[in-house]
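I'd like to ask you about the structure that follows.
Residue numbering begins at 1 within each chain, and the chains themselves are lettered A, B and C in the order written.
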């Protein structure tokens, strides 16, 4: 051993000993002292996945409620709210499924609840049923007119909106809110029976809109309508190529 | 005889070396593909968002915080919903909506709005996740079914992943002091349930499912819509797909 | 949950400009991560200065050789402290050594650091001081004798063969050391530069900019230490040495400044998606630390000061004290400038939202791990360590110019 070292210069020999000692300590620590599991990332991932999978759930899911509340479930299935989970309104119900008597899900009866979805909001998609919560039957609970499990307007729907709801709702918040559908569309009675073969009319000419929006419109409904000179305004186009009649844009 | 043997040997060596080079060339692209095409029968989860259907009701944000014990303070979100208002003068304002906020009726008469909409956001569960790439200890990783998870037992809280996420989807959990983010509700989907946000979404603006399934709400969503992902230029290959996404959304 | 922390986030809410993703309000890499690249920068810079002597044979700066080596060592010992202290779970830092992810730049820190500390700095310091330690131990008693004996690994061989080997080893180590120093700090730059999500960081130039600002900060700091310590220990400042070192500093600052300028022009000219929010940030939140401190005080004024001594050479060279004053001010300004550079990279990179629609604010605390006090402590710690190192391995003789180097010789035996 000593002879071997003499072949190296003194400082190198000493460094080799130190490095060697460090290496041995390192090997002992890595292979002897540290448990294998701490260095096995795949095993760590597997246990992390298990841990993640084992987390408790809070929302029971849409099937769970039907087991007991089958009648309500059947009602809801046919109405506009058919795609909603019960827990969308009633909150997390896993605890309720485990102990139905002790834990009761909330029943959001207060008037502030429904407008979270149904209040008018310009960012909401057009056609989504929206109301102005300030003007819409103030102080009355929503559920006094609408059954949340089968929400419908309380009165028989207007004949057109029963099928053309999206257009009707859009029109409801537009400047044409006062106009009946039949103001612009002649609708034969037969349309209700065979809607695809007998169709309502649509305005064909610029002059039709001009009856209200023309410079010298006489129609009594046209009193407050914005007026344009039909001869100069948008010559080449028919009106509805720029203005959508069910939700006309408004001058600044 | 001798000539033929030399020829055969030469041919063999050419084939071998060519094969080796070809093999190397094949590794690179195949590694990149491997993530996109998981083996048949393996679940590969994805998420769809119909921007046109979101009504900004914030049920999803509520449900997420409840289901996953996310701190209630408004600085920690696994999912959130942004409201975009694009005005006629071109100005765009964005705000994350607050759950249970009173609706503002005056917005109805705001005539300067050109268009406005809600955009739900969540972890994109990227197929090439930058957060996984930078994690020094392998605490964040991608499962076989393509969900990026955080191992809270080994996360050291260095927050490199938070810096690397282009979508702001990660936060440092103030209690565990480890990185946290959306897991597609891994505990729910592994039991066959939907993620909590999808469960409570009243308008089906959120869709979830296995991208490999032949017929499912998810595959129908991808088949019937024009699809976009967030920040495609970063090549993170998000698995949260957006239908009818506006160009202003980042 | 820490209610004070939550309250501080609430306080930040009104200061947000525009829109940021809701998770972005907290600035995750605070003052500690500003300190970290500053410290590693000093390490790399000081080492490069040391290698001027050994590799490029610049004899004038010989008095700085040992000082810069010890400075590099002292700062290197502190560098990981800042990193570990900022972790959410400092007690788990060993994970980075047990399950390092090869794809993570940060995971490579342990290896780059260990390589640089063990294979470069410690070895070089040991070889430089080996014969000295043997000589010191001969004349000493008690603890110091024991320390020097142990540190010399009980070597007593000052024979020709061993000394020759020392010199050869030193040369090899320094040659390996220069790329290693580049690696150490270029790698720190890469930690930031490789984040594609962050356009303020994501740039191929960042590692190079880091490198040159590292050289600037290291050289300036060693000059500063030399100018302070030499008179305090009863020596005389060698103006030949300082002039030469300042020369190098001058060129390093010019390169650093040009690189940053190129980066800036490139960004403005390309004018990509993020340019609006970045320029808004530079003009508002970063105006003081970037325009004023980093560029004006940290680069332009020192450049101007040093150029003055060059332009009015005659006048300044007649008056050593005046020149000393100018240098002294310049190197101090440069320290602040480089610290501001680190600040602007680290904090600036987190102040704008990745939605490119808004800015948040960094509110520095005073107490606590992320606070100002701890950062100052961390910045002062290397000086303390340096003082201890100088007690053990005194570089005074060399600093006072009592050692006349002969070629590559390191005398003292």
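In this text, contacts are C-beta pairs under 8 Å (C-beta built on N, C-alpha and C of every residue); 3 or more make two chains touch, one makes a residue touch a chain.
These numbers come from a predicted model, not from an experiment.
Undergrad: What is the identifier of the chain with the smallest separation between its Cα mean and the overall Cα mean?
TA: B
Undergrad: Report which of A-B and A-C is connected by more C-beta pairs in contact.
TA: Greater number of contacting C-beta pairs: A-B.
Undergrad: I'd like the Å distance between the centres of chain B and chain C, where a centre is the mean of that chain's Cα atoms.
TA: 39
Undergrad: Could you please state the distance in Å, as a whole number, between where the Cα atoms of chain A are centred and where those of chain B are centred?
TA: Using C-alpha averages as centres, the distance is 18 Å.
Undergrad: Just how far, in Å, is the C-alpha centre of chain C from the one of chain A?
TA: Averaging C-alpha atoms per chain gives centres 53 Å apart.
Undergrad: Where in chain A do residues touch at least two different other chains?
TA: Residues 41, 44 of chain A touch two or more partner chains.
Undergrad: What are the residues of chain B that contact at least two other chains?
TA: If we look for residues of chain B contacting two or more partner chains, we find 138, 154.
Undergrad: Multi-chain contacts only, two chains or more: what residues does chain C have there?
TA: Within chain C, the residues that touch at least two other chains are 98-99, 101.
Undergrad: Going by the contact rule set out above, which residues of chain B touch chain A in the complex?
TA: Chain B reaches chain A through residues 52-59, 63, 66-67, 83-85, 88, 100, 102-103, 105, 107-108, 110-113, 116-118, 138, 141, 143, 149-154, 183, 186-188, 190-191, 193-194, 196, 199-204.
Undergrad: Report the residues of chain C in contact with chain B in the complex, numbered from low to high.
TA: Of all residues in chain C, those touching chain B are 1-2, 5-6, 9, 18-26, 28-29, 86-90, 92-93, 95-96, 98-101, 103-107, 109, 191, 194-198, 349-350, 353-357.
Undergrad: Taking the complex as given, what residues does chain A use to touch chain B?
TA: 41, 44-45, 47-49, 51-59, 61-62, 81, 83-85, 87-88, 91-92, 112, 115-117, 119-125, 128, 132-134, 173, 250, 252
Undergrad: What residues of chain A sit close enough to touch chain C in their complex?
TA: 9-12, 14-15, 17-18, 34, 38-41, 44
Undergrad: Would you pull the chain B residues touching chain C in the complex into a rising list?
TA: Those residues of chain B that touch chain C are 71, 73-77, 80, 82, 92-96, 121, 130, 132-139, 154-160, 162-172, 174-175, 177-178, 234, 250.
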